[in-house]
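Two complexes are shown next, each including subunit A; its partner changes from subunit B in the first to subunit C in the second.
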Partner chain A sequence: MLEVKELRKVYGPLTAVNGISFSLQPGDVFGFIGSNGAGKTTTIRMLATLLEPTSGTATLNGVDILSDPMGIRKMIGYMPDFFGLYDDVKVWEYLDFFATIYSVQKKHRPEVIDNVLELTDLTVKRDAMVQSLSRGMQQRLCLARCLVHDPAMLLLDEPASGLDPRARAELKELITELGRMGKIVIVSSHILPELAGFCNTVGIIERGNILAFGPVEQVVQGLQSTRIIRVRVMSDIDGAAGLSKEQPGVVAVETSGDGEVRIEFGGSIAQQADLLERLVKGGQRVISYQEEQADLEDVFLKLTTGAVQ
Partner chain B sequence: MAKVADWMRSNAAVYLDNASSRRDYRAQLRGNRAIILWTVYLLLLIGLGMLNYSASSSRGQVSVVDAQRTLQDFYQTVMAILGAMVILVAPALAATTIVVERERKSLDLVFSAPVKPKSLLVGKMISAYRYTWMLLVLSLPVTAVCVVLGGATWTEVLAAYALLSLHAMLYSAMALAISALSNKPVAALIWTYLSVGAYSLAAGGLTAAAAVPRFMGMSNDEAPFYVALSPLSVVQAAGTHTTIWGVAVPNWILFGIYALFLTRFLLLGAASALSPFNSWETKNLRITGLVSVAVLGYGLAYIVLATTHPSSFSSGGSTTSGKEIDLFCAALIAVLPMLLLVPLPFLTCSGPDGERKFWPNGIFSFKEAIRGTPAGALPYLLMTLAGVTLAVLLACVTALHDTPGLITVGTVVWSLGFWIFCWSLGRLTSVIATELKAARTLHLASLIVLFGLPVPFLFIIDPEQQTPLWSIYPLWPLFSGEQDSSYPRFVMGLALAAIGAIIAYSAEKRRRIKAAVPPVMA
Partner chain C sequence: MAQTKAESNFSKNWRELVIENPMAIEINRFRRRFLEGGRGKSVNTMVLVVAILAYASLLLVIANMSGDFPPVVLIYMQTALFALISPALMYSAISGEREKRSWDLLLVAPITHAQIVVGKFLAALAGITVTFVLFLLPTLFTAITYKGDYSYGSGSIGTVSGTYALIAEEAISLTFGICVAALTLLFSARCKRSLMALGVVLTLNFLALIAFPSLFAMMSNSSSSGEFLFLAHPIFAIMRLDQLSHYRGSYYSSFDSLDGIWYGLPQTLLYLAFTAVFIVWAVKTVNFADGEKKFIPRKINA
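Up next, the complex of A and B:
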């Protein structure tokens, strides 16, 4: 479990991180959202013990980042927003280097290297030179490097920046899999569609302050008093709209030419279920009844002022 | 027992299974680059041997003595070339190793793993040293020819190679320390070669001074150990020894002790630069520095006083007057702490840097002296000064059963004032400059301007040193014609201390005013 307590970093007159606190459980994939310069990288570097907090601290499975940085380093895998690759080594040599510095026993190193290469789908590139890899592959190699010692937490700073859509999709899949493996994954990004798909928890940071934190749905709902329900019916779209208006909790109803009713709904979950029941009992042949997906981008734009870019 | 096992395991990992060293080894030997370089190097050495041989053989019949002298000259030439190679190649191999990693940002990846700076530095040291050593080993066949033909003995060759290896280690450590302190590879290279050049010149001067009696036939194989300080004269130094308590100790062994100590010191400095606040490396560096300066002070004072005073147990020494002893002790107390001038900006300057070890944390704290934060700068300087003074006094008492006089006391006061003044400049520049790096540069520049630049101007204005103009120069009391008197030292010391106190007070006042302004969000 990760517990961040009042973490603060000040550089002279600039407060990069202003006493942030949150906690994460094993298996959480945490999307750390913020504009450039909001304080994401500074927070991640403090958690990676590369930067000393001005005040506050954090603990991972009871180990403190200030009092036992070496203990923390054994439990984390840090992937910065740059590659930091040695360009004169082969892929397996690069992983062997990190396996050695993470004190993986010599006899286990070949097996560990093969495993992480398989996990990151780089087995065929085992003997390739690092500089010959594509950007997406280099990113996956960086992730493989973070995994050689089976860390409890991964700190991924802007992992998908500069990747093409296919490489981005592969990376998403990989991060989701790591979450399923029970690791705490912290992914920072300012590209919101990148995070929406696979994060189960998000935190929005601006000017060093956490503006929102929690499960994605909770954060979105916390900010939106109403939600949008889209209903598609076989015919009589006006009838469906009329029935919907009578249901408690409905704020506004709009219809479109293609047989869809857009309902702005502010009621409870039970009332949402009642609305469907009312439509069906009212003789409407409902094809689909769908709540619109939570939109992180809207939340982000509402919360932040965009002062830091 | 478990702790010993852990210690052995961690050291085995650092020295025998070092990841950095292995990675560099693979990169160094990849492709044909290394083989081609070594082949060219070997061909050059062989070519030199062939040229020398053909020049000798073209002279027709020569006497055995002439033939042997030619071989000895050839051997000396080869070893001088190897010495030059060590000066040029060893620093080049290490100078950019850390700084390139910092620029490539791979250093962050390494330090996000449970790696201590020691492990990284040992790895880098092994990588650079191994390559230079390989070049030395490759030259063995050429020097072996000289042994086979009678130009040198195996003992001389092995001693010379031991000296060259130790020089290579020292130069690599020097380059590595500068690399750890630099931010750009080019700057690291320039600073490395400037430092290596300055050290080599100073070492060459000392070596020459030590070798003069030998060249003039005034002594046999006995020479002070600093005859071995220059890699260009390993042949001359290899056969020499220093007599300590009646035992002839080969100078290459004494140089080995010196080189190992200095290498350790330089690597500790590099490790401290790479370490965070309150690290073991910084504490170790500070304590090592303090103890070393005191031991050096005691050793130098004892050796000189014991071998030059008639009451000492040395039989061949010359008579020394009480005033000369006083002046000698005063000179040691003034000069030895000057070694701190090089790291002074790092000791004294503070700033809003990312690292807590440089944050402004007060004016004076003994606890911080060993931790290495700005509040500990003045206590550390004073502790060093006290250490040297006590060591010199102790040497005087043990060697002569006597104590130095008022000139030494005056010099202690002068030193006190001088270091308070230098420290206060660091405090001032830290307040003036917005960044730590700028504060350090400004501090260094102010030291050069105040203590270096006035000398040529004063010489132009008053070459005879007759007018009182010279008396405003802070270092003047140490070199003036009035050196037999302690009075100017007292006066200058007190004046420097008073000015330093005023500067430090106003700097602190200004810092507090700046700190009181609420932080502005960027």
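Up next, the complex of A and C:
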């Protein structure tokens, strides 16, 4: 379990991270969302023990980043927003180097390397030179490096930047799999569609402050006092609008020329079901009844101002 | 009690930094990079080929001049080569990691700064050892076969024995190479750019080994004060040892005040001491170029 407590980092007059707190459980894939300069990388670097917090701390499975950084380093895999690869070595040599540094026993190293190569789908590139790999493969190799010591937590800083759509999709799949394996995965990004698919928890940060934190649905719904329901009917659009207005929970109703009724709804889920029932019983031939899904991007734009420090 | 504690600390550090240092894997990286045909990098391959050709030519010359080739010439060459090879081995050790942006990956691993620096240094030692052994074999051959005006066997023609001179000269040369490697590592730790570290060390070598001694020799009227100033100069110390091993008098040199006790061990210890200082300094300030620390820490007023 990761517990971040009042973590704060100050550079002279600039407060990069302003006393943030949150906690994550094993299996959580946490999307850390923020504009450039919001404080994501600083937070991740503090969790990775690369930066000393000005105040506050964090613990991973009870080990404190300040009092036992070596203990933390054994439990984390850190992938920065750049590859940091040695180009004069082969893929297996690169992994062997880091497995040695992470004190993986010599007799277990070949097996560990084979396993992480298989997980990252790089087995066929085992003997290739690192410099010959495509960008997507290099990114997967970086992830493989993070996994050689079987860490409890992965810190991935902008992992998909610069990747093509296929490589992104593969990376998403891999990160989802890592979450299923019970690892805590923190993924920072400012590209929201990148995170929406596989994160089960998100945190939105701006100017060093966390503006929202929690499961994706909760964060999205928490910001919406009402939701939009779009109803398409066969012919009597005014009748449908009239029936809708009578339903408890409906805040406002609008009609459009193409046979669609747009309903702003603030009621419960049961009331939402009742609305459909009312329309059907009222003689309306309903073609579609759809709640407009707000997404992370909407939430992000609503919450943040775009200001950086 | 205190001695036992010191011994215990020493053995703990020795185990952590040398015996069980995971960064000793750097030796393998060094081997792959420099000794496996350049790994497809044309520059590495070219340097390796030129080095092999140069070495083969040297061996041919020695074989051709068998009996007439003074071993000290090889030690001069070896020392001069160390002044170039040591920086070449070490200049990118840490600054290169910064340039490749792999530095963070080492810092976030469960190893100490000392283990990183010492691991890098061990890799350089491997390179220096290879060079040293490559020169030692022909040096021993020439020492045995040389028929010049002094003997390297049981010879005691001069004020120091030929054998002592040979060992001391090799020790000076080797420790000088190690010291330059440590100096380069220090600058590599303190520079953001590898070429900057290389440039600084080569400039310092040029100033210390050639420019200042030449300037001083031109300005000085010789004698004892000059000899003291030249004591730390490896080529000068090797030259003096060579002279002292086959001349009893002092007529050969203009610097004639110091006897054999001043050459060999003092330079070796001096270079080793500097090596230790440079390594410790590199460890202490390894984050300097990351902007986390200042070269001279600013005093914080309460």
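Just so we're on the same page, the second predicted complex is superposed on the first by the 260 of 309 C-alpha atoms of A that agree within 3 Å, B and C clash if a C-alpha of one lies under 4 Å from a C-alpha of the other, contacts with A are read in each partner's own complex, and residues count from 1 in each chain.
Assume a contact is a pair of C-beta atoms (placed from the backbone, for glycine too) under 8 Å apart; a residue touches a chain by one contact, two chains touch by 3 or more.
Computed from a predicted model, the values in this text were never measured in an experiment.
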(request) Using the superposition on subunit A, decide if subunit B and subunit C clash or fit. (result) clash
(message) Going by the contact rule set out at the top, does A:65 touch subunit B (first), subunit C (second), both, or neither?
(response) neither
(message) With both structures fitted on chain A, tell me whether subunit B or subunit C touches more of subunit A's residues.
(response) B
(request) Figure out whether A:12 sits in contact with subunit B (first) or subunit C (second), or with both, or with neither. (result) first
(request) State whether A:205 touches subunit B only (first), subunit C only (second), both chains, or neither. (result) neither
(request) Could you look at A:143 and tell me whether it touches subunit B, subunit C, both or neither (first, second, both, neither)? (result) neither
(message) Quick check for you: in the superposed arrangement, does A:253 touch first (subunit B), second (subunit C), both or neither?
(response) neither
(message) When the complexes are fitted on the C-alpha atoms of A, one of 55-63, 289-297, 325-333 or 343-351 in subunit B overlaps subunit C. Which is it?
(response) 343-351
(request) Would you mind listing the overlap between the subunit B footprint and the subunit C footprint on subunit A? (result) 48-50, 70, 73-74, 76, 78, 80, 82, 84-86, 88-89, 93, 96-98, 100-103, 145
(request) In the complex, go through subunit C and note every residue touching subunit A. (result) 22-23, 25, 28-29, 32-33, 39-41, 100-112
(message) Under the stated contact criterion, what part of subunit A meets subunit C in this complex?
(response) 48-50, 70, 73-74, 76, 78, 80, 82-89, 93, 96-98, 100-103, 129, 145
(message) Please output the residues of subunit B touching subunit A within their complex, sorted ascending.
(response) 13, 17, 19-20, 22-23, 26-27, 30, 104-106, 108-116, 119, 276-277, 352, 354-356, 434, 517, 519-522
(message) Taking the touch rule as given, give the residues of subunit A at its contact with subunit B in the complex, in rising order.
(response) 10-15, 37, 48-52, 54, 69-70, 73-74, 76, 78, 80, 82, 84-86, 88-89, 93, 96-98, 100-103, 106, 145, 207, 308
